[in-house]
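Next up: some structures, all given as structure tokens.
Here chain A shows up in two complexes: once beside chain B, once beside chain C.
Showing the complex of A and B:
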């Protein structure tokens, strides 16, 4: 491919890595994986703090770097002596440019899936679109995928460049950086990373890493199936049997985007907030009258899998709404496994009606 | 980029208590910035998010008609957190409205057609909008029948207007109550499905039914319409789901791949038959 051969590969030595990141901090807010309690998560990097690059994937995904778990939408005052009392005031969304360092290719790809929802033609969502546009994504290729990773069967891969501006690959103390976009080029320049590497190990390493991924899902039959048949299939009670509706799967998932909007007031000052929400919770759909269209957990579990594996691909004529990061499999306390659910759905054949 | 979550600031201009149990009030709003009224240009059947500053937002059907200028009206049932607070607000208070949202009754398709409106309880709000709109454009429609029921006479919405429509005779009104001990009650007594069976015109290619009401009314009216021969693409429903964003983004109100807030709330029964039954 033309674009591929023209891509520039840069060699970053250990000292240049730290120095470059520090330089970047005068222009960018930097986010990267850092230690947090017993695991590690994407956080804003303090001045001089290095992202952790030698552990696997973060517990929660990188989605919070563009779409925080809780976020102010508007400010207002209830103080009637102020002229603009009770009127919503917009927050400034034109913040500093930011760079997300060390996210894995699956998380990078997730932004492309979620983009269809937030950056839609009719109502582009400025709270997501602005930070997304201001972000440069510097990914880290996976040479040691985990046993629950199945990115290669959902259009991704451990060296996939989808959604990335720069792709890094580690070679001992040295980092090789493949510059993919203009944004990526600008970032490399700002960091002062400009030593051409004389080798291109990316293709070789990609093949080796892809071979290590053995987990997979089959969703090839899902497109042709009728959504109503799958919806009313007698499979959901078994699938949902052990589910606690804890919501861990949806919170950790890079491609889950549902949110709630709530007002919070202290004294006379208030904020309208948006917070991640989960289709696993009964309150998600409970109406004021007491009616709830999804009163039992089978229905909520069905919603999650149908959305990811059937409604989303149908709506956007695309692949499934899952990047195969394996988080929901690793973290589910009762071992509900999207690979098995997908298999069940993929193989499901409705009984022919008698008539 | 226009922020689709930013409400237009409005002032409460008038509050009318509609029903004798005082659970339903109509709020008339005036835009603080007159140019916002133009931006809020809507069609009968759409809804908006009423933004009660400090409490939250609620999706409410627009009860005024696009032909009524200078204000917008909503009729709100006292239910939970936001609606209770709204019921205690006063004329002159400042809040917001965000919209118009969702689709509308298929006015293009309905032109030149007979329309039978079947409503129950307080779901009559966007039906009022529709009736006022059709009366203003009376020559564009064929025969118009309105079947509207509540539990008792005091629970009917827009009582003065109902009487005026009945008297004017441009549309055939069939007002009904489940029961009443009022000796002067001169309209129908009986449930909406029963009155529909008696009064609704027979089905034909040129007749559409718009059905809006509590789930139980819809459930029992359906077999009657089937019996009368209404085709499912000639039966139009307006749905409710818990909502937040109102613009198809927050993921809350879907039926299958459709969002009730954005792809609806108006669906033909035929469309609903093709979606998962949720």
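Showing the complex of A and C:
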């Protein structure tokens, strides 16, 4: 676990913010929300580029900063005149340290949920673990949560420090930074941010922000339910009817981690990469034999919700695999709403209990 | 709009009660402002769930593909044209369908509304031709025509072209509209600018395939992007592969697209991929005097040959 530090709050004025970020760029690759057409997304910041800090959450999550949609894992050559032909060579994962600036507490928490999958003792995944370890997460607290934010009912909050090294809170031009970990302390030092704040307004602002969150999910009954009962419940046809089986929910979700491995060869040079995949696609489960265990969309939709709300909590003895960012609700083209699906699952009672 | 919904409920309940259909496909109220969810209703008692307002933009013909039941379906102008296309392409049989026609007054562009206000939207109410947008302590009123989807602004077939019942009198059609101003703008660009235009257009595509999956024409059992033996197209975020997907998909819709706007509406990134399909639609109109889905008697231009077909491209 990251080293905890004695809580320290720093005051950063407008000029110091820009100057500090610029200083950081000599040491870190910086990622932050930047304008992209009519929305904004996490991208690597160009030299001197400031992250957008005064709008709501990004359209897509911050997961791409550690786990990009396309990630090369190995390179190889088919040129037989080369000594190492046909040998996979792992890409260098010891890159420059990076800092993700301005991610919201929901996105920060998502890395902690996803970590259970990628950083488990049995199969640690270096392609996720290394970039994650090299990252410092500088979060931005949410003083104006959106109507579809429900982080507080899945263990998070607009001022949650879970998964963060620094938590920022903005008021006008002044930014207050709460340093949470040693990593965060090192970043603040490298940026030259060292003016102690005279007051701690975090608790007060947290209470005010939490009060603004009106959306919620109820998952309290799910743990006690039999997974097979839910699996065979007659609820899925109705839930799934509208679904187009596009990948919008999974691609925008900070906690969806599935990928597909592909080789691409151009001339004699090849690369093996992984790309985000989606359990909404028929190809996701299509086997080499031609058999597909999830041939129809009801099954695929059921898989997504069962994984997030039932299998994951059961497997890891944890809360649901959802951080309440609300993106899938906002972006679903046919308005399938995880809050409603969770409610249906939570209230479901089998006609004849098998237990 | 309210009367539309009442009539839809009444007709749907009747069809189900009289056992003329096994289900009715329509919309139910969504959980967010400006959103409704496509749904099916199987019991007459559930017909009162059905709604109709200016947030029913998803093309319901997509939900008919290869279904075997007897289906009642709510259809606005574009849906009805895609139902005809489905019938021509043997994806559904006319005898299976009872079409409840809705004369359409245009659908709201949710993104346009969201981008036009500077508050979080809590509620959107339609009153006559006004759209009232409410936030916490804020309110803004638009004329509906200011916030229509782009395809609805230039629609010349708002009335269903095929139906068994109609929920209201047909609406007036604006025939004077210039349907292709945006296409001409792109046609007039030099090749470099045009390339740049398309590159910018697709720059933020995440290959989620929402456009394809919402499209009533995209029903191939295995889409070319999913072909793996051999693989036709790379699956990464490579720009060439992304363009390949959009170009090929558009061409596959040539002479079939009704400009229903579903693709653009569902795109999470707000990409106007209609820039491609509309150009092809214009070409079909100019070369073959063809508009897709107006009837089931005529074969579409790309699956029929006529000696009078233009051949100026043969040099």
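In this section, the second predicted complex is superposed on the first by the 346 of 355 C-alpha atoms of A that agree within 3 Å, B and C clash if a C-alpha of one lies under 4 Å from a C-alpha of the other, contacts with A are read in each partner's own complex, and residues count from 1 in each chain.
Note that in this section contacts are C-beta pairs under 8 Å (C-beta built on N, C-alpha and C of every residue); 3 or more make two chains touch, one makes a residue touch a chain.
This one's a predicted model, so the numbers in the text were calculated from it and none came from an experiment.
A.B. asks: Let's test your reading of the overlay: on chain A, do chain B and chain C clash or fit side by side?
C.D. replies: Result for chain B and chain C: fit.
A.B. asks: Touch check for A:262: first (chain B), second (chain C), both, or neither?
C.D. replies: A:262 sits against chain B and chain C alike.
A.B. asks: Kindly classify A:73 by the partners it touches after superposition: chain B alone (first), chain C alone (second), both, or neither?
C.D. replies: first
A.B. asks: For A:107 in the superposed arrangement: first (chain B), second (chain C), both or neither?
C.D. replies: Neither: A:107 stays clear of chain B and chain C.
A.B. asks: Using the superposition described at the top, determine whether chain B or chain C touches more residues of chain A.
C.D. replies: Looking at chain A, the partner in contact with more of its residues is B.
A.B. asks: Return first, second, both or neither, reflecting whether A:147 touches chain B, chain C, both chains, or no partner chain.
C.D. replies: Touch status of A:147: second partner only.
A.B. asks: How many degrees, to the nearest 10, separate the directions from chain A's C-alpha centre towards those of chain B and chain C?
C.D. replies: Between the chain B and chain C centres, as viewed from chain A, the angle is 90 degrees.
A.B. asks: Go through the superposed model and pick first if A:165 touches only chain B, second if only chain C, both, or neither.
C.D. replies: Neither chain B nor chain C is touched by A:165.
A.B. asks: Based on the superposed arrangement, let me know which partner A:241 touches: chain B (first), chain C (second), both, or neither?
C.D. replies: In the superposition, A:241 touches chain C alone.
A.B. asks: Per the contact definition in the header, classify A:123: touching chain B only (first), chain C only (second), both, or neither.
C.D. replies: Only chain B; A:123 stays clear of chain C.
A.B. asks: Just how close are chain B and chain C at their nearest CA atoms in the overlay, in Å?
C.D. replies: Once the two complexes are overlaid, chain B and chain C approach no closer than 5 Å between C-alpha atoms.
A.B. asks: Which positions of chain A sit in both the chain B and the chain C interface?
C.D. replies: Shared contact residues on chain A (touching chain B in one complex, chain C in the other): 260, 262.
A.B. asks: For chain B, which residues are in contact with chain A within the complex?
C.D. replies: 1, 3-7, 9, 32, 51, 53-57, 79-80, 83, 93-96, 215, 240-242, 244-245, 247-254, 256-257, 262, 274-278
A.B. asks: Given the complex with chain B, which residues does chain A contribute to the contact?
C.D. replies: Residues 73-74, 76, 78, 85-88, 90, 117-118, 120, 122-127, 129-130, 227-228, 231-232, 257-263, 265, 270, 272, 277, 279, 284-289, 291, 293-294, 299, 303, 306-307, 310-312, 314-315.
A.B. asks: In their shared complex, at which residues does chain C touch chain A?
C.D. replies: Going by the criterion above, the answer is residues 30-32, 35-40, 58, 62-63, 111, 115, 120-122, 203-204, 206-210, 212-214, 226, 228, 234-238, 265-270.
A.B. asks: Mind listing the chain A positions that touch chain C in their complex?
C.D. replies: Against chain C, the touching part of chain A is residues 36-39, 41, 56, 59-60, 69-70, 144, 146-148, 238, 241-242, 244-248, 251-252, 260, 262, 264, 273, 275, 278, 281-283, 329-331, 333-337, 339-340.
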